[in-house]
Amino acid sequence: MTGAIRKNFASDNIAPICPEVMQALQDANAGSAPAYGNDPWTEALTTQLQSVFNTPLTAFPVTTGTASNSLALSALVPPYGAVISDETAHIATDEGGAPEFFTHGARLLTLPSDDGRMNPDAFTDAIARNRDGGIHSSPIRALSLTQATEWGTVYHPEAIGELAAIAHENDMPVHLDGARLANALAHLNCHPAETTWQAGIDVLTFGATKNGAMAAEAVLFFDTPHGNRAKTDFQRRIKRSGHLWSKQRYLSAQILALVKTDLWLENARKANHAAQRLAHGLARHPGGHLPFETQSNEVFAVLPEPVVERLEQAGFLFYRWYTPPGMNGILIRLVTCYETEDADVDALLAAL
Amino acid sequence: MTGAIRKNFASDNIAPICPEVMQALQDANAGSAPAYGNDPWTEALTTQLQSVFNTPLTAFPVTTGTASNSLALSALVPPYGAVISDETAHIATDEGGAPEFFTHGARLLTLPSDDGRMNPDAFTDAIARNRDGGIHSSPIRALSLTQATEWGTVYHPEAIGELAAIAHENDMPVHLDGARLANALAHLNCHPAETTWQAGIDVLTFGATKNGAMAAEAVLFFDTPHGNRAKTDFQRRIKRSGHLWSKQRYLSAQILALVKTDLWLENARKANHAAQRLAHGLARHPGGHLPFETQSNEVFAVLPEPVVERLEQAGFLFYRWYTPPGMNGILIRLVTCYETEDADVDALLAAL
Amino acid sequence: MTGAIRKNFASDNIAPICPEVMQALQDANAGSAPAYGNDPWTEALTTQLQSVFNTPLTAFPVTTGTASNSLALSALVPPYGAVISDETAHIATDEGGAPEFFTHGARLLTLPSDDGRMNPDAFTDAIARNRDGGIHSSPIRALSLTQATEWGTVYHPEAIGELAAIAHENDMPVHLDGARLANALAHLNCHPAETTWQAGIDVLTFGATKNGAMAAEAVLFFDTPHGNRAKTDFQRRIKRSGHLWSKQRYLSAQILALVKTDLWLENARKANHAAQRLAHGLARHPGGHLPFETQSNEVFAVLPEPVVERLEQAGFLFYRWYTPPGMNGILIRLVTCYETEDADVDALLAAL
Amino acid sequence: MTGAIRKNFASDNIAPICPEVMQALQDANAGSAPAYGNDPWTEALTTQLQSVFNTPLTAFPVTTGTASNSLALSALVPPYGAVISDETAHIATDEGGAPEFFTHGARLLTLPSDDGRMNPDAFTDAIARNRDGGIHSSPIRALSLTQATEWGTVYHPEAIGELAAIAHENDMPVHLDGARLANALAHLNCHPAETTWQAGIDVLTFGATKNGAMAAEAVLFFDTPHGNRAKTDFQRRIKRSGHLWSKQRYLSAQILALVKTDLWLENARKANHAAQRLAHGLARHPGGHLPFETQSNEVFAVLPEPVVERLEQAGFLFYRWYTPPGMNGILIRLVTCYETEDADVDALLAAL
């Protein structure tokens, strides 16, 4: 890779495994080990995550973020219930119907927002209207938030606390999709507890794949009434969906490699740093603007069509996003990752 | 591991990844690659499997055997249908309800057999009785066979052909759970085509995890009317169940490492060889007998209780199986794998 | 009931059974009859509906509109697919998650509209955006329309034809929720074929409960490619959802009583007439206005809060509807039925 | 029907509605009534059933026995769980996959028995073996019994008590399929409480359709810990499966007509009486024998093939049942109902 410019800003999931995770896989590959999660790596992972979050918790590693989110939701809502989220949530837009599959048909209700962060008043109104529907509605039974959001913004812990409090007052558990939690923490520079269980999160999807792992996330149940209730039989849900690895050590070892040191936060900081550099460069471009504040590793920019084409022709990979009416130009998404270098960003900015 | 005796005969899924697969993971870990299966490794895997089976086919790698089997069945039967299998089939006994989950509630109908191999007459009778149930029954809509079976026996290709013909005459597709297909082929010493599509198999679970991979199986749809119909939208089923890896190269690379040479068959031959050695040793033990012929890498033996205890106390790991009434002693299962050495087997036999 | 004023405008489903239907139930109650739909009433019903719609069709009577709609959709979309409808559709707002239950988790995608009638351009745009989502989306696989709509408006047959054509071009079957089809036909004064199969409808929920029956609807599959494919095994879907009456004659007899003459249209005409009288009276009220054209038996009116309270205090039953921001007053819904008399309407108008 | 001989012994569900139930439907057909169960008939039904069973209970009327059983089970077991029943149970043999549909894929585990009545030791053994399966099994989470059984036999209350005690010790709720509970009570001549909640039943399917109603059963939740937990949101389950009648009065009125007096028991006594007469006559026939004791309204008889053919040719309707190997002749099932007269029975006996 020496000297080569990485032109891939399409997603943080096209990056390779970071070296420390690959090393951990090799280290785990010695001798036999008990199957189905009864191995030392899984035990160490739980211990380490309890230390990271400074609280008792139960951790279930699974392969993908979609599985992690959907399995979590299936433990939170009955099949006749509904989950409420922001309309940009990954569960609502990018999981191919997995939430409905795992929950056996629970409905996703979504709320529009300015920047991917749910508005507490809109949430309160939605609960009231849903209740009016009575037996004919799908009753909202869980709140799912995303940190960092799909627009690259980050909730302040107090904002999560406010939303979670509304949920809990209405007897709803709160799930956090933390596929990019590390990026949010790197931005907030707060303790992981503050934006999760201390703010009222009961169940967390702890993302690792986008942060340097091969294919690994963990569903964390915090020590809350909702969290403890939901984790019952959770291993059975994992098994039943074909997500229980016999050789689970290789799943746990990936996450463990990231969290046994601050590597997970360092990787996120690198990605965030690249995103900031990118955002500042794009914002300075005449005719360009950033519709959302860049707070994690996703940069959304509106650029004139010719500029976007120029970047594409120069070989840079990124997504043209759906451009809402009224935006003057093309909305694109650029994602950085743990291995994005300043030179990679500068090459793109130079190509503008 | 030098010199140490492996005492673990509990399962072939507690073994580590074989060196060639681990090397393949490292080799794949360079630079970015398109996500969700649009990578060169996945393409090469399909090409190579077509060569191995000498026929056009479509391959979908997934993480676990349970996922592979259940996803395949979900593409074969409607939710109101039934799948018929031997009563010892993994789908019927060891998948935690996954077939019902993925098929949305299709029923598993099972037939008893002498040694895990379905009897064609019993199959024919079951179809007739099921049809009599009319609208009140769950209509049998697919046949699922297992090669090698859960009792360690192996179907002759003609036996599969006979069962598949009955299925096809009744408009049922045929699925083969090939978690240990390599072991069956090592025993049969026939071409992979003979015991699969040439015998009437439409969809195959091609196992790799038990044969040296980390966590990888592939669902193969052969170029048959049933196979082609079933593969429609299959990627959507994978995505919806959270089984679509973003970094799929690491899934495909595992299987590719096994099948790009004869490694997959060599690994199976080693495991089978160890099982034979074990079987012969156990059969010679006074008071012991083998209820089933050992044809793959699973050895079932009935031994006197004190002998079983002696092995356990000597630190050997294996399962006490459910012992049907009438067997004089304790039924145990011993499983060998690609890294079981003669010395490992001999140490167990010496401890008898 | 002589002389008493009916004050119940809450719904058309709180009315009693109309006399002809009750008589039919009594007439059917003689001797034994084959169970599960193999009775003469069910056979006669199919014949009569074929005559009414002037086309070959297959009819499956079931108990409720929710069951009818959801069963139909389950035959049209795969579990990983999506159904698109207007955002006011009964399936989207009032069926307690039944569509998700019967389809095993298919998603409902909804489009906003001015008056409950889907806009063809919005439909076309939605298909394009959905397709862009690729494997991560829930692919739209069926269109569901409602005639008359939940706002009491009625599609012109050509409007249905335009939407159905878009659907068919995209290989989607078209379902029509005809819970109030009779009211729509009474308004359109066209042949039943024109607004159904001739306009491109493949599957129809033919409503009877709101039109004088006790509890009876029929799912009609028209003789179209989509219709014929979807009706396969439909009786199994009915059975499996507990909707197959053993004494089905009593289900079929209800609908037969309505359609063997023009009673079903006469009942609808009476209800529509009452709705027109009501609408005209309300529109004349100072401070009141009707946000939608009254074209069937539902009248939506915005009235000043004190007027609404006055009606409530006078004992009139109706629903306060969700009042969108910007409407000056309270939005209420008033529903008439086959037994609503001019005097009933006039009493309400007098109470304004 | 005067003078005509009823030759229909095929099922108790091909009989017409008994006069008292038909009258009740007519009586209920006056004026409007609140929808969805908020009507006086439903309220009266609950009160009356509480009196009949002499205990607080919650009653939910639904249309069919299949719906009633499956809805009940869906409230008792998680989707990854299993229900255990006798292998002849209606839920296991005749409900077209409905239990799997409503429970979202829970598995039915069945036990063989001599005469349809589960053996307590077999139940205990099954629990032990299921537990051994660990995460790979579908854990048994509910017991479902049938009273009277599908072989026409009746559990003594103590036998139910013994089975229910085992279930409760293992934290499993107990469901009773009482499609023919009235027939069982007519045989036992005990109080309804004795064979239900006092024996440990938590949830009961109270059958009416086979006993003179049109299409009506009720799910009764007794005032037990399991019963109270299971009834939560039950109305939502009914709605979601399309089983919530808008005009529910006509559903409740049917059952109320049967239980507001002893009519339900009288109807059952008549059917049982006819069955006894039939059984005695068949048992006396040379070459015939009854494999099960006739204790309700189902008579199973083994007759020589020519005799069976003679009855069929004489126009009598009944089912040839699956005849297990070893029975010398043809196993047939004859079912009596509330309107079977002695003359009807005698005509059949004479035709032997």
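Note that the chains take the letters A, B, C and D in the order they are written out, and that residue 1 is the start of every chain.
In the analysis below, contacts are C-beta pairs under 8 Å (C-beta built on N, C-alpha and C of every residue); 3 or more make two chains touch, one makes a residue touch a chain.
Everything numeric here is computed off the predicted structure, so don't read it as measured data.
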item	value
Fewest hops from chain A to chain C - one hop per pair of touching chains	1
Where chain C and chain D are represented by their mean Cα positions, the distance between them in whole Å	34
Separation of mean Cα positions, chain C and chain B [Å, integer]	50
Whole-Å gap separating chain B and chain D, where each centre is the average of the chain's CA atoms	42
Multi-chain contact residues (two or more partners), chain B	79-80, 95-97, 101, 104, 135-136, 236, 239-240, 244
Graph class of chain-chain contacts, one of line, ring, star, complete, other	complete
List of chain B residues in touch with chain C within their complex	36, 78-80, 104, 135-136, 139, 233, 235-237, 239-240, 244
Of chain D, residues touching chain B in the complex	79-82, 93-97, 100-101, 103-108, 129, 132-133, 135-138, 322
Complex interface listing, chain A residues touching chain B	1, 6, 8, 10-11, 13-17, 22, 25-26, 28-35, 62-64, 66-68, 70-71, 95-98, 101-102, 209, 214-215, 236, 239-247, 250-251
